[in-house]
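Shared between the two complexes below is chain A, which pairs with chain B and chain C, respectively.
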Partner chain A sequence: MSDALETLLRLRAWEQGKPINRGQRVNVAISDDEDIMSVAFLRMGGESRPWGVAFGNPGSPPTVLSVPDGRDQTLVGDTMVILAKALLEFFRHPGFSTSSPDNFEVESARQIWLPGPTHIEMLHFLALTYAKTRFKRDDVEVLQCLGNLANCLYIEHQRPGQQIVISAAAALRECFVFPSAAIRQAHLGHLLGWLKGGSSRADRIGAATRAEEQSVATMLNPELERSSLEPLVDRWNEAKVSGNKTDESESERAISRLLTKELISRWNLTNDAIAVLRADQRKSNSGLSELVKSGARQFHELWGSRAVKEYDGDIPYWPNVYTDTNSKTSAFGYIMRNAANQEARARLVHGDRELQREQLAAGHGVIARVVSVSAAAASWRLQYSYPPLPTIEPGDYFVIAGSPTEQFVVRSVDLESREMEIEPQWKKGNSKANPPKLGPTDSSWKGRELVLLDDAPFSLTRNLAFRARKRTTGVSDILDLVQPYVRNQATNDELGAMTEVGESE
Partner chain B sequence: MTTPIHTRIADFIAGEKFVCVVKAPPGSGKSKNLLESLETSLERRARIAIAAQTNNQVTDLCRRFASRYPEHTIFRFSSKMFSVPDDLPPNVVVVTDKANIPDGGCVIASTCMKLGLTTLRSSFDILLIDEAWQMTWATFLSLRSTAPRYVLIGDPGQIPPTVTVDCDRWETSGTEPHYPAPEIILGIDGLKVHTTELELESCFRLPHDSVEIVKMFYDFEFSADAKPRERYLRATKPGTGDSKDQGIDLLSEHSSVILTYPTEDTGAPIETDQELALFVAGLVSRLLERGCLISTNADEFAAPRGLISEDIGVVSTHNQMNTAISTALASSANNIRVTTPERWQGLQCPVMIAVHPLSGVSNPASFDLETGRLCVMASRHQAACIFVTRDHVGETLSSRLPVGDHALGAIDISGRGHAQHTSFWRHHEVRGLII
Partner chain C sequence: MGAAARRENPDAPRAGQSPFALALGRTFEARLIDQSAELLLESLQRAGVISTTSRDFEDHRWRDNGGKLGDLDSSVEKGRLFLGDLAAGRPFNGVISSFTVRIPKGIMLPEANLIVDVLAVQTGGEIPVIAVGEIKTYPDQGGHTSRADLATARAQMGLYVHALEVTLAAQNLTNKIKVDTYGFLVLRHAGSMNPNIRAREDLRYQRERARRGFELMESSALRLNGRYGGGEDEEETDLMDLVLNASTSFQDSCVAFCERAASCYSKAMREDRGVALGDDVDKFLNGVSLSRAIELLRGQPATNAVESDLFQRMIDPLPELP
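== the complex of A and B ==
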């Protein structure tokens, strides 16, 4: 969306004294409770491992785990094994559940909801810590499975249109326009304050401002950590060294109480966001189901198929936690991400008129009146009014908004008179469709005003991605001349030696 | 005398190395050199594939090939949806089915996308890629089965491939898939011994002093073919002395000026700057009213011709601004091309009016500071270029430093852009070319 349109909408929301709907439809998929794993993390200042975690389905009390000192990798590892088993079961890892990721086409779509961006970053930290860990413990493979799952979830989160890893704050912003500065809208409590904080503007501002005083990120409020937790952690460490069991367990309980309160607060906020979205009166975008299906297939390729392969005793090429060092892999990932971007737009825009308006304002389509329909040549003449695009060219593709199968190719365009000749690409009408689909030569098209949107060829883009990844056929491959890119990759686990990691496929 | 670049490209084609990367400044005859280099290969009936980024570019290459080699056929390989222009030369044959591409020696031309998506029956000996800096490394990889050897020619100073997705994951991959393909090829150690790197040394399009300006956007040396003061725009009628006229008067001695327009105390408009659009339209009128003479080449130096509206082009980075300018130009817009730098790439015009990409931008982001657009805007003209902007740009560049939020080890594109933007502005400032 353009900055100007966003500003306009924010002013409108301010005028109304409350968040206003963004879009005519809800454009975020929300699974049923049993298919949602809501997760919130905490970490100690300066540490990347979790200090504590709360997780569970929204309808039930969460499991809350914490350790007295977030720097103690053994204790953290113990809690992460518990989290790992729960997450791996939730995502149907064959070693931890009775199902399998291979059933993605028939099983319900599962989602992990987190409060906001710092919690999503924790997925990357988990990947960095555990995917390649050489931690000498019996259950190290569970941690490695967690690391690889977390890495794939983190990568999936960057894929446009994905509906598996959801930031609650981003989901609210996706569905509502809030009358506050962008920086404040990163705070989930602030957003919920605006949505649930009362009936007047003043009440809502007050609620949003009060909520902002509480940290919702993975880091605690520094004052709380410094004044309340730091002395307790020191006490716990001293007690451990001196063997004072009473002091050790008392300080551990005190730390746990504080961390649990903070974790549950973040976990509850996430579930409040889910509840707000579920209570929304708007219908879900009709394109979401296709997006969910497509996402399930892609996440299966990214994680599920590899997890199954590994469980079966094979050695899969897990994605590198840092980057894709193999040229073909990175090219594939990049082009697929472009295809996902095109697909997300194509799937959602037809089901939401406000998204269509945004697309028009961004120059991704035009409003046009059908001037004539030539039955003989199967071509139409159109006069377009808004926006006065100077970028339309012969060969461009458009589809009718709301009807993605009715596609046109531009044959000629006169930018001055804003007239163009287009050729319909569909062959027949369908009187049984609801609403009935007219044939391309039907004269009743004449005089109609249509919204035409750029057509995104995401299936072609996907094909290109596979071509970039494929080995060459019939000719030598220039990539054979490229020396494998080898880097010294240190795991976050200081027990492990520097691990040499070469090409990833 | 140095060996012409097309001869050196031909030598590469006849040799055994795998890749030839040709860096070309604007208006240096990229396509001409590319086509000239094919003469020997055509004689020995090699299988040659030529790729470009857009259908228009491919069609243009086909026409030029047909004109240069009338005795040879070029197969224009395209999708079934391609609108075949009515006036294609007879030796350009449009092929939509790969089965109709001859098996033996032949020349085909297509878009990178089309070739990337096609599994050919048999590969080609060489693939020549025009405007290669507009192609990502990822797209290049999809072309690996087309041929085992490649010539990539393009302008490294121009607009890089558009990136619309989050690419954090690959910022440190070593072969960033979203970067221009030639940049990656030249950066891979293992490919260096297999790569020939060439540079075109002369810019034929731009006036002499304009070449000095655009050189700041390049990492290699080139010079102007034009002699100093050979190209100019000279008004024959006196002006009123306002800023437009002062700018026009400067163009008799210099080829590039910046005209500033006051910024309101409340700042420039955040979206479409209608006042500036009217100012641009007024500037066009003034150029035409003052009976300007232009010299765009050595022949016109002593015998300049009168400026007509078709000689003027307008460029602005935003479509909405271009629409506002077209509307303000009213009837004269018919003859005046008004569009984005992306669409101006590869084109030229005697006189260009450019809306500075930082005009109205109070806090430049990486998109604004990326200098490819500025470079395109500053390198389309043959005689004169007038930048038009709100007057805050110098102050904005001095007071707003970009955030270095790029990955460690990655190129600081925003920082580099800020430095180049500042140099561009200072170049005009110290010469008294900002009014």
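== the complex of A and C ==
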């Protein structure tokens, strides 16, 4: 969507005094309760490990874990082992569940929902902390598995169109246009305030503004830390040193009460967002199921197959937690994300007429009337009415909006008369299909006005990505000329200097 | 701005920092320079900031910052003497913690003290080279580290480079010591208290930005004719009024850092300005008020060229589907 259109929609939402629908369909997949793991984190100021976490399926009370002092590596590690086992079982890691990621084609699609961007970032912190940890404890492998899963979830979240790692705030923005500044829309409470805060614009603004006063991020309000938590944490540490068990357990309980309240509030907001989306009157986009299937396959390549390999005793190559350090891997990732973007557009546009309008306005298609259908040569003549000056060229591929299997190739275009000749690529109709599919030479096509959309060649783009990644020996590949990345950095983990391992060539 | 925000609204929340984050910052910095900065020196050597034989360390922190020097003036004096010694040929290969410089008084601006977290020094070449380093306690996320955080740290380092150049000029040492325009960041490794070093941070443009910033501040101070304060809550009322009544330019980015953002936002709402819905809406409306834009959306005729232009841009740009 163009920036100007987004601005205009925001003005319309303001005019109506409430969020307005974005699109005619809900374009976010929402799994059933048992296939959703809703997770909310808290971290102590300055720390990157979680101080507490709430997780569970939306329909049941969550498991809430916290430690008295978020700086205590061992205590945090203990809670993360519990979270790890739950998450790894949820994503069907063979070591923690009776199923396997290899069953992705037959098992239900699973999702992790988090309140917003800082909670997604927490996945990266878990990856940085645990994926390659040398922390000496018996169950360190469980933490390493958590680190690698968290890293893959963090990477997956960046893939356009993915439906596995969902930020509740982003999901709401995907389905509604909110009448407030973009910077305020990262706050899940603000968005829910607009959606559920009353019947008038003033009521909704009030609710959204009040909600903003409560932190929904992984960090607590500094004032709460200063006035309530800091004295309790100090008391707990002092009691531990002095051996005052009563004081230690009392302060621990008080800290836990405060953190639990904050965690539950974030966890509930996430589930409120899910409930709002489920209650929406709009239907789900019919293209989502294909997108979910495709995403499951890609997440299996990213994480599942590696987890299985590791479980079987092999040593898989896990993605680098910092970045791609190899030009070919970077090129592969970049082109694959382009392909994912094309795929998401192609899968969703047929199910949502509002998206079709946006695609046409962006120059990705034409509105045309069928002037003639040639029975013998299977070619059609069309007269297009929109856009006035399309960028169509002979050889371009189009599909009929809402019917992606009905594909054409453009043979000629006359910009003066606004006429084009196209060749249908399907061979015959299917009267038993729902709706029935006409054959390409069927005369009833004549006179119809059609929306034709670019046929996004995402599978070709994917092939290009694999070619970019392929190792070559000649000088014809520009990536071979890229100088190896020279590191000007030094990395230390909890035990000291780390040997930096780059991506395998 | 915090003081101004509380003057406008005594209940305005103090942005403040987490007490745990502050404590962590102190612990992290202390750990880096513990045992003659062994950990810091080794890491900087590995990142190529200093040579592998660099072992020298000096602690210029004053008492309030956990050091041994008596007060801020002692730190400043120690820094000044160090630069003089260095220019005179003192060999030093290593780092100095909390290297403190005092930017001389401008025509109107008061003198300013700046504390460089870490100063790397190399005297093996033709003339000594000093490089600034900034310690940040947020974790190094590699390519995913917040761009805004990195930009802030680089801006800070650019300011230090400029301040060191001004200080050297004031001591007539410009040609005797070179300030490196590449600095380094000392971040934390996630989940540990050990550092990750990011070297070769290009500070040329940030230094230029700092230099220009100082010029602008000086000219602003000239216009104020000496009427400026320290930004404290108990500031004289007339000085605070100067701030409170100055025109502001509320925009999206204010929400992220300014304690007055809430009152500026309310003011934008009261004044019916598009910026209340974001920078993009403000630009789109081109000076037309929000309520007038809504009236145009609802079909009221435009009364001038600006409104006509806006009306044209508000017509649905999407095609009708068959």
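The rule is simple: the second predicted complex is superposed on the first by the 459 of 505 C-alpha atoms of A that agree within 3 Å, B and C clash if a C-alpha of one lies under 4 Å from a C-alpha of the other, contacts with A are read in each partner's own complex, and residues count from 1 in each chain.
Convention: a contact is a pair of C-beta atoms (placed from the backbone, for glycine too) under 8 Å apart; a residue touches a chain by one contact, two chains touch by 3 or more.
All figures in this text were calculated on a predicted structure; none of them were measured in a lab.
Contacts of A:Glu301 after superposition: neither chain B nor chain C is touched. When both complexes are overlaid on chain A, the residue A:Gly46 reaches chain C alone and has no touch with chain B.
Of the two partner chains placed around the shared chain by superposition, chain C is the only one that A:Glu230 touches, whereas chain B remains out of contact. Of the two partner chains placed by the overlay, only chain C lies in contact with A:Gln73; chain B stays clear of it.
Contacts of A:Arg184 after superposition on the shared chain: chain C is touched, whereas chain B is not.
Once the two complexes are overlaid on the shared chain, A:Tyr322 sits against chain B and chain C alike. When the shared chain is aligned, chain B and chain C each come close enough to touch A:Asp3. In the superposition on chain A, the residues of chain A contacted by chain B and by chain C overlap at 2-4, 7, 322-324, 387.
On chain B, the positions that touch chain A within their shared complex are 18-19, 55-56, 81-83, 113, 116-117, 119, 122-123, 136-139, 141-142, 144-148, 150, 164-178, 188-191, 194, 270-271, 319-320, 322-323, 326-327, 333-334, 338-340, 343. By the touch criterion stated above, chain A contacts chain C in their complex at residues 2-8, 10-12, 14-15, 44-49, 70-71, 73, 124-125, 128-130, 133, 154, 179-184, 213, 219-220, 222-223, 225-226, 230, 233, 320-324, 353, 356-358, 360-361, 367, 386-387, 401, 449-451, 488-494, 496-497. Taken together, the chain A residues at the contact with chain B in this complex read 2-4, 7, 155, 158, 160, 322-325, 327-328, 330-335, 337-338, 340-341, 363, 387-391, 393-395, 397, 409, 411-412, 416, 425, 460, 463-465, 467-470, 472-479, 481-483, 485.
Taken in their complex, chain C has these residues touching chain A: 13-25, 39, 42-48, 137-144, 188-200, 252-253, 255-256, 275-281, 284, 290, 293-294, 297-298, 313-314, 316-319, 321-322.
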